[in-house]
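Across the two complexes that follow, subunit A remains constant while its partner is subunit B and subsequently subunit C.
Let's turn to the complex of A and B:
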């Protein structure tokens, strides 16, 4: 898909601050692709030594074939939940790719020839589940709803599998809220 | 089928368990900590023991002790800890105690960057401990190989009574990929041989046709001495040249005569290649991507992905590069394995591709080198 037509790759980058769950979101997306969609996937990550704060990013590459280079070369989609993450990675999204930002955290998006989608992702999480901690799952709903990087069934199964016991329903609500927003966006044309 | 989406570090721990590892002594350090975490959880369930030691010096000491006591044993660390382990790597080589040391390389020197990738410990894995000594170092580039080469590391360490280093890196250690967990019963394991002689005849360092004297476990009734000093066939210190020379010859010969078993590498399309990329670990991933792109443009490019980096597979590299005009060596360091490749193919043919800032080599960097840019 990206980089070169001779190599089939879908590249997703999820970036924000440490503690926002971007790496977990990457793992869930990778599991959805590799286990539930039966494709190949790699997930890599980059984070600082801090438990919270600092820049944090996860990268997922999905392919029907072998995946060699496991990191994003030119993203098909970027999810940015902080201004710093958006500034750093917005320029590395392919032409006509997606940039999805939390518009209450990200003001400027320095990119052209890309589809820029702004949602209050954390507020949507609080409204859907009462918990900001589900922000990453809402973001996954938006991402998959817009890009179809994995099937809806696969991402649902992957979220349920990774959700701590007793929080499955809450996380499914968060995912659905993301999908709904994506569908509204597509419906608006 | 048990399909999982797991990290290289997890696969190392599962591989160790499958190989029969029943002791882990270590000190957690990023980016290797997941190996210790998984072993701490799983070893008690498998009838093994996990001990967190006070530092890496003690960690490898405990591993060597546990191995002498009869358990297949391992530790896992990263650069700063690997530096501390050097003394005991030499001790394990000198005393011929099987053990596996995992080094998930991070950016150095010193504390460096804990979460940043590197391949900066290649030469340290070979020569970090003092004195002439044999060593085996294996280098995986997929999650599946993390499992398989950990099993191989245990098997080689038992077969040849030597420490084996599993030299991986932050990218491969932390990368998740699809992995099919094998049935452990199907995994080939090398076990310590039965001692074929009565206690009083046992020579822990005696001559044998294989050059690997069978190792008796402490507690089995075979009394012998273990020391880091040069020793005679019973293990007692010696300075006699007719005991020192044969020892140093034998411990090197036991590796050199088994290169066919020890040396592992993969080749992609080297037959017609006028350019060959030679690399290992995470850099194989970037290289294979670049080689596929170059091949799509009809460039005659091949790849050697080295899995046993020590001993260095001299003949394999020699053969695969025989007709190459250019040999490209990408590494996440300023040029370490390139020194070996240059030794084999000649300095003029080699184009080094280096990065030492915590990031991976990109496929584009390798493509540029292939194209002579």
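Let's turn to the complex of A and C:
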């Protein structure tokens, strides 16, 4: 993923409600970058008063170089699975960055000069695997398919590594569904 | 947990090998502080080249106030479940801080002016629950029992929240085993 900053630094924010698996998604993405793409990465959760309200947020910074500041400054991409998360973080996405939302959860996106991508992410998860719990993995497929923040091979390995035993295949289906949607979107130009 | 810094800030580092659950332990501790103790917390993984070697590290910073810097500067407590992790991080623990090691994994602790606590943490997990996978939860019990980094009620709730369905009771046993060992240690004075 290219950006306009002087060093190679990609900043991703994943936000939603507690239980949507955004923190695990952040860990998987960080591990994909560091372990399988051999980059440096940091992965952070900052819990403030919003944690008590059930909001959940993970941040991942990926770089070829040293990472001085482990938190997102200006996101290259935001995945928002709730209206509250989208309202809170849409304004922090950089110009020409990506905002990816579950359009059955998020109606309005208050941002301009960004690429807004709307998919029924949770529904796609249920259709692909029968399990809403794979929503976070579908979201990772969409994110990586659109942004190339990490390689497809890396995210596949990282998902399998963190998948509970016996659920590897289901999680691969969820990831593939996300990639497929991303490719359709890119194909639509 | 009190420390000598001007603001109330507690820094915990959890380190071991991949698969020992240190990252999940960090998430549980961060959620205990933020959601159940109503403090601010950050929880970070920084992956560098060491991630490729199977090392795993989580950092948690807990404060009553704003957290400017989300990473550990000088740890109040280190939990080290491998010799490599202990060698790497023991020197970064503050004076009078805690180093908690699994003494069947860690032989030497290269640090002075710190409190060094040695328990067979993985063996305690197997004895308490029959499952080595609960090692990270036993470690949390020891850590919280010794340091009071979060309240016992908070860590119990956070462990249950993150426990896979059906394993809540097993994880409570693991946590209790850790607390019991901590209390024995304190009792020995």
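By definition in this document, the second predicted complex is superposed on the first by the 178 of 189 C-alpha atoms of A that agree within 3 Å, B and C clash if a C-alpha of one lies under 4 Å from a C-alpha of the other, contacts with A are read in each partner's own complex, and residues count from 1 in each chain.
Rule of thumb we're sticking to: a residue touches a chain if its C-beta (ideal position, glycine included) is under 8 Å from a C-beta of that chain, and two chains touch if they have at least 3 such contacts.
Please read all numbers here as calculations on a predicted model, not as lab measurements.
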Partner chain(s) touched by A:113 [first = subunit B, second = subunit C, both, neither]: neither
Touching partner for A:43 - first (subunit B), second (subunit C), both, neither: both
Partner chain in contact with A:52 - subunit B first, subunit C second, else both or neither: second
Subunit B versus subunit C as contact partner of A:35, first or second or both or neither: both
Touching partner for A:188 - first (subunit B), second (subunit C), both, neither: neither
Contacts of A:27 with subunit B and subunit C, given as first, second, both or neither: both
Which superposed partner A:95 touches (first subunit B, second subunit C, both, neither): neither
Subunit B versus subunit C as contact partner of A:73, first or second or both or neither: first
Touching both subunit B and subunit C, residues of subunit A: 27, 30-31, 34-35, 40-48, 67, 70-71
Complex contact set, residues of subunit B against subunit A: 3-5, 30, 114-115, 171, 174-178, 282, 285-286, 288-289, 292-293, 296, 360, 362-364
Complex contacts: residues of subunit A adjacent to subunit B: 4, 6-7, 27, 30-31, 34-35, 40-49, 67-71, 73
Complex interface listing, subunit C residues touching subunit A: 23, 27, 30-31, 33-35, 38, 40-48, 51-52, 67, 70-71, 164
